[in-house]
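One chain, chain A, appears in both complexes that follow, with chain B as partner in the first and chain C in the second.
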Partner chain A sequence: MPAGSPTGHAPQPALSLADVRHTFRAGKRVLTALDGITAEAARGAVTGLIGPDGAGKTTLMRLIAGLLRIDAGRIEVLGIDVARNPLAVQARLGYMPQRFGLYEDLSVAENLDLYADLQGVPRGERTTRYAELLRMTGLASFTARMAGRLSGGMKQKLGLACTLVHPPDLLLLDEPTVGVDPVSRRELWQIIDHLTREAHMTVVFSTAYLDEAERCDSVLLIHEGRLLGHGKPGQFTAEMAGRSFFATASLGRRRLQARLAQAPGVIDAVIQGSRVRVVRAEATPPVAAGLVAEAPDLVLIPTPPRFEDSFVARLRALDTTPAPPPSATVALPPTTPQMPSGDVIAIAHLTRRFGTFVAVDDVSFTVARGEIFGLLGANGAGKSTTFRMLCGLLPPSAGTLRVAGFDLRTAAAPARGRIGYMAQKFSLYGDLSVAQNLRFFSSAYRLRGARQRARIAWAETEFELGARRDATARDLPLGFKQRLALACALMHEPEILFLDEPTSGVDPLARREFWRRINALAEAGVTVLVTTHFMEEAEYCDRLVIMAQGKVLAAGEPEAIKRAARTEARPDPTMEDAFIAVIGSPRQPAHAA
Partner chain B sequence: MIRQIMALIVKEMLAVLRDAKSRMVLIGPPLIQLLVFGYAATFDLNHVPVAIYDQDPSQASRELVAQFLGAPTFRLVAMLRSPSRIDELIDSRQVQLVLVIDRRFTRDLLTGPPAPLQAIVDGRNSNTALLIEGYANTILNDFSLSWSAAHGRPAPPAVLDMRARFNPTLRSRWFIVPGIVALLTQVVTLLVVGLSVAREREAGTFDQLLVTPMRPIDILLGKGLPGLLIGLFEASVIIAAAVLWFKVPLRGGLLPLYLGLVLFVTAVTGIGLAISALAATQQQALLGAFLFMVPSIILSGFATPIANMPVWVQDLTLINPMRYFLAIVRSVFLEEASVDALAGQYWPMALIAVASLATAGWLFRKRVT
Partner chain C sequence: MNSGALRRLYGLLRKESLQIWRDPSALAIAFVLPAVLLLIFGYGVTLDARNVPIALVVQKPSAISSSFTSQFSHSPFFRPQRFLTIQGAERAMAAHAVQGIVWLPSDFARRAEAGGNAPIGVIVSGVDANTARIIEGYVQQVWATWLTARAKAAGGGSALPFSVQPQVRFNPAVDSRDYLVPGLIAMIMTLTGALLTALVIAREWERGTMEALMVTRVAINEILLAKLIPYFVLGMGGMAGSVAIAVFLFGEPLQGSIWVLTATSALFMLAALGMGLLISGFARNQFVAGQIAIITTFLPAFILSGFVFDINSMPRVVQIVTHVVAARYFVVILQSVFLAGDVWSVILPNALALLVMAAIFLGLARGTARKRLD
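Moving on to the complex of A and B:
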């Protein structure tokens, strides 16, 4: 019977993995996707497969569902060997892949009908089942709407409802919360909780968001095909007890972060709001003396550990190479120092209409030189329309917009020469080699001759790409793709750098390395604009605006925005809490910058 | 400006040529299509299955049958002894022609011509039926002439003696293979250019390209020129294959041919860029390319002469660049046409090229900004 029952007799696990291995062949290369995973998932519980993109989560899901033939090892679902009897397993599980196959030209009800037909749900049972699913997903008032016209979060919920038309014993969900706005994300979690607590379903859930670990009953932490940890989320954080602190000092927070990252006995230092969050190698009392010579007034305040701390600690233990050379921390592209300080980006009453649809509605903000500024919002909030106008790719319907001293209505091309842009998912020319990508982007930015050669040489040393200069970009590891994309965006020493969701899905160490570079750039006077729907990236910003439906709902420093969401029940709200509070109660941006 | 465009061209060419798969796509399928078209698309009839119902087995009828079967055109399937199977043979497509030699054939031949003969043809494919009728008439004509000469009969009062200029043996391959040069050049250029922007849109690199200081016109040129070069290369390969493999005589010079080719590929590139500007995905681009390609081939005179079309359709063909290039390539191959003689084909293509490029540029600006 379902778990939740006393653990006196050990019930058979819903899922057991024994030394699961899988490799893919791409041409001559052999990729190890899974390298000996052994674990179990209890019945009636939520088991999280947690790991960055490329960790092997989807491969594992597909092996469990019997959609891939296992190379070695054994998977048992509800006591059935998947490799021997995939059909018997498939009859009892529901699988929702990352891109669920909704038919966009069919209505919500027609999609449900279609999946009920495909899964052979008897007609007599449908009415009650649909009513239950629609109530659970909150889609009851949208049954006649075309699936293509639903928001991202509603599509995910409909996908989930379609997977559940025939209630499975084991439900596999592959990254259902990626790219979904925080409100829908919470609703998805409520549905999952309901499924396990009330319907006693077993759920296996994969995600790259580390903060979702704490919602799971049990966690498999996967990195590069290996199991880094397996247990209750509390066990992961318990290991880290007494090791995490908030650090404050009069030294600038970026400088403080850079120094702390290299301090002895510190394994992690990230900026969070106005403070720096530090994780130490061992549990120590909060003694700050002598940690950073430049900051005698350093204060450490203990803070509860997070799941991410334990991931970082485990990665550091794996990583035998020493911490990044100090030179890289301060190595900066030669910037033009004669630029005047002040506002680099100034937009006022910016509006963009497409027909009757208002994509961006009276948006105003300014960004100062050397600032890291965030545009935070769910998909469809108007971030990319704003961004396209800032690049001069889209003329505004109304309002003024100045970038690097140029009015974009009259001088878009010269303004673009001052902007570096790193697209989402590191869009590079995959067929070209590293060197060819660098050469192309430097030429596109009008570099030539000795300067072009010098900049390419700079990129190859600064980003350690020299050894891989002839590698095809598509075959690079994720971390190197990210470096190459950033190098390409920096070829022409831009004053302004636009980053589109730069680190979502990247492992924590790669994310830290990336932001270390971005912080160093900002210190050197480069203005950075980040568009993201990823709450964690907002923490790295000096200031940010929260956008929804084309409007700015809140603006200011991350700490201030979080402070505004403080309630008695939630004295220390996260950025996600703040986002939900702001979306839930739209108000005028009282302190808009 | 020039350097940026050059960089984009180099990048496009590298993207196509570095990948073994896309190299194959450029070379493999066009060659296969060339072979298929070169061998399969022919108007010549060969080995037409026939049945003969000879009701008058005689010296004269044997001679006539020998003439019919002596040519590679006809292949004897059955000699019939009764008329009962005629319908069945034709209905089941076992034969396409039944030649019925009347009982009075020899008698009337000797005494009172004309001698009666009947040809029953499968009319389901009207084109083939007409060709069979033509062949049969020619053979019968020859038979009549030689019979008259051998038997001291007066020759028929009027005889048609046909000579075909440019293609003396009327080999349809000489007509079709030069047409394939136009056809395949259009297909390859349209696909290379039409998909190039959509591919970048899907990969997300197009935004990256747009935020560089390159202007839309630079991007347009950088995207169009590689297609132009690839189209020219493809056409050269097919021209070489037409001459060296299919032995079609190339009588005219390369100058009139390549002048036409450059104009044609430019016009097609403009159309490809316009499709590219409109399509958000590669699938849409592919659909757009075919939506243009199919009517353009039918309205080019590749298979059916433009002169046979209704007047309003003929007017429609005037905006089809392939129509002009087809005329050029056929004239150069078979007629030894000069640049002067083809002037009437060059300038409309130049106009179309200018118009299509301008439209592409306008659409591009509209879509991008």
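Moving on to the complex of A and C:
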């Protein structure tokens, strides 16, 4: 009998997936959600299901939980075949769906009671179990509050507490951290660490945030229903050793990024603060000579690889399409109205109340022409409300706002003519073709005749939509939907572009592609305002504000905001560290220059 | 059912009750909507013709003409307006100011005195065919009464060789409200049973709570029972409120017994809940659930149950279709219990039909329910 295996069996994985396949039928079409996934999750460990939106993460979670009928393959949870005996699996499972599965019109205590009844927790054990869960989640002083009135982070923790009233053997968490503020995210990870280390629970965690991979014991990287990689996060980054660098040069960072992205042997180049992060196809010494002709003073400094580097490398290996065209003239609107330089957007003491609730509280900032300006914050921080007021869709309760020289209180219509808006959700007509959407949105912006035709032709070439012009918008891949949405927002050559959570959930290549166009637009003088809850996306901005509970907690350049959070223990803070630092000290808003 | 199942059911029932109690829209559908519908139908909508505006055209007033027209002034059915010319009356009818014209030509008095044939012109606006027929009947009745009275006054027997003696049973006042209100109660219970139930389950799908429930140890029977029981109670409560309004506010007769009413209502409620559960099995959002519930339960109950439109005068095919509308059986039972009493030959077969329908719908709802999302 081998030591450490008291039952005499070989240590059995908590979860085993064998060639799991699943398809959905939508009308006549068959969509493959999962295309042969084979993997295992070890007991007592955190396994991350990582991939962009539409990769198949939720489908896999639901298959494991016995909520969907498997098409082919086999899933075993704790040795039980899910397809044959879903009830036995469900008795040992805890599952938190994407919206936490809470009853918003029940209080915290009533939600706990319900799940305790459903999971068969004896009455005598509840007092101690509740006390433990409430202490762990920090909800002890909110037991009488309705779940609907909790913040996003608190809902997430209550959802988790409800799945834990009866400690499950396997805990499934479907995107618990998306849209939740970074502080709550960190707290959630502390809870998960506690559960696996102390209670030896097995956790399967899905996320679209690639930086969370490094917190998992093991990672399944999923893309378009296929397993792109499976292993410890260290294995993923180890493959990339010696290939990532920070590049600095006297050339402007956007220009440098665009040139580096085209340079031979470079598979990835993204702006990070004032520098450009470069990943090369092979491990090479940090020799910069000859990489970019325009930047003779280019310096490369080695930096540790990230999980995302390995994802990008794998995607590049899959991607057989030719590299994007030279980006010098990319996305430049043919004509740009001449505007005096200076502040294109100026808002002062902007406040918006809904009844007694203050959604936006005394917010002031200015945005200069050609700037990329970010509004960074969790769901419910007031970003979207600020956006709606800037677009003239919602009148402010107090304060002034000027957009493109117009006071939105008195001249919302002319201001709107200068604005392009790309909504967070796909807001085009799904039943129309690509060409029909372009035609409709261009006529909505009153383009006619030759000019309309010219703009549609521009959009089709610029966004590489020509080949798909007759495709129905609904059926486009996520990245193409986004291109089409951006093209529609740019039909009337706006001076100002509003992007609401533009790249949430798209894969890293599509995100880079998107930002390549946005950078080119900014270079051409278009002012870009972007909201995001992706900390990483904030790095692309020239300046940004961090918002929480309707207030601006910090404002300035990404580098300055990060610098302000620098401590001895953390000499090189990330944007998330900086965010947590300002949220933690909301008393003194750090107005970095 | 073991103790774990009982505890789960108890937990779900308590959750559902708290939600109903805190959600004003559920209570509104169960209690406020019935009251509003009853008040509208009780006071506003009536199929009787009362105070119908008609034009009286008397071209040459005389003693005999005023004795005829006074019959109209005294009738509760008419509100006569006098006109001197037929043209004026026709203009009023075209403007919808009057719905009928009774025209005594200038030679009416002379020909009546002479004992000859004295024609009276009656013109009825046919826009509302139902009212038109009622006016026609009433005018003839007024005319017959007047002739009889005149014949008696003249000392002779009746001028008419035969007379009809109408006798109305079960609704002696021939008040349409008395048969509309029982039918209305069936509509109200359809709303609570099918619409409300389908909506609340669709809401659980929309908010993702159903997904979370499905992964607990709860069995599908427990989920269904936990929806069935509270909305059964709510529907019966709404029913009791409606009966109270009908009896105490409108003075509806309740000829039958309370327990027959309660038992048959319970059967109908189960059938309606079965429909609601069945709909919620495939409608995963509130909009679709609402649409399907209205089209498949409320509208058929309204149109095909015999509540407003008589089933016997429907085309044959439509009459066959009415047999799958549960409300059809319940409306007959309600009308019988309210207006006629416990007529077993009516109640038993219809109650049996309700039982069968309840069993079919609940069985289908159970058969199609899966503890899965696909």
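As a convention for this text, the second predicted complex is superposed on the first by the 568 of 593 C-alpha atoms of A that agree within 3 Å, B and C clash if a C-alpha of one lies under 4 Å from a C-alpha of the other, contacts with A are read in each partner's own complex, and residues count from 1 in each chain.
We adopt the following convention: a contact is a pair of C-beta atoms (placed from the backbone, for glycine too) under 8 Å apart; a residue touches a chain by one contact, two chains touch by 3 or more.
Note that the structure is predicted; figures quoted are calculated from it, not measured.
Under the clash rule set out above, the superposition-derived model of chain A with chain B and chain C contains a clash between the two partners.
When both complexes are overlaid on chain A, the residue A:Phe498 reaches chain B alone and has no touch with chain C. When both complexes are overlaid on chain A, the residue A:Leu393 reaches chain B alone and has no touch with chain C. In the superposed model, A:Arg409 makes contact with neither chain B nor chain C. Contacts of A:Ser443 after superposition on the shared chain: chain B is touched, whereas chain C is not. When the shared chain is aligned, chain B comes close enough to touch A:Leu428, but chain C does not. Contact with chain C, but none with chain B, is seen for A:Leu93 once the two complexes are overlaid on the shared chain. By the touch criterion stated above, A:Thr472 is placed in contact with chain B alone, chain C being left untouched.
In the superposition on chain A, no contact is made by A:Arg84 with either chain B or chain C. Overlay on chain A, chain B versus chain C, candidates 40-48, 76-84, 220-228 or 346-354: the clashing stretch is 40-48. By the touch criterion stated above, chain B contacts chain A in their complex at residues 3-4, 6-8, 10-11, 14-15, 18-19, 22, 203-205, 207-215, 368-369.
Across the complex, chain A meets chain C through its residues 62, 65-69, 86-87, 90-91, 93-106, 110, 113-120, 159, 162-163. Residues 4, 7-8, 10-12, 14-15, 18-19, 22-23, 207-209, 211-219, 371-374 of chain C touch chain A in their complex. Partner chain B is touched in their complex by these residues of chain A: 391, 393-395, 413-414, 416-417, 419, 421, 423-425, 427-433, 436, 439-441, 443-446, 448, 472, 488, 498.
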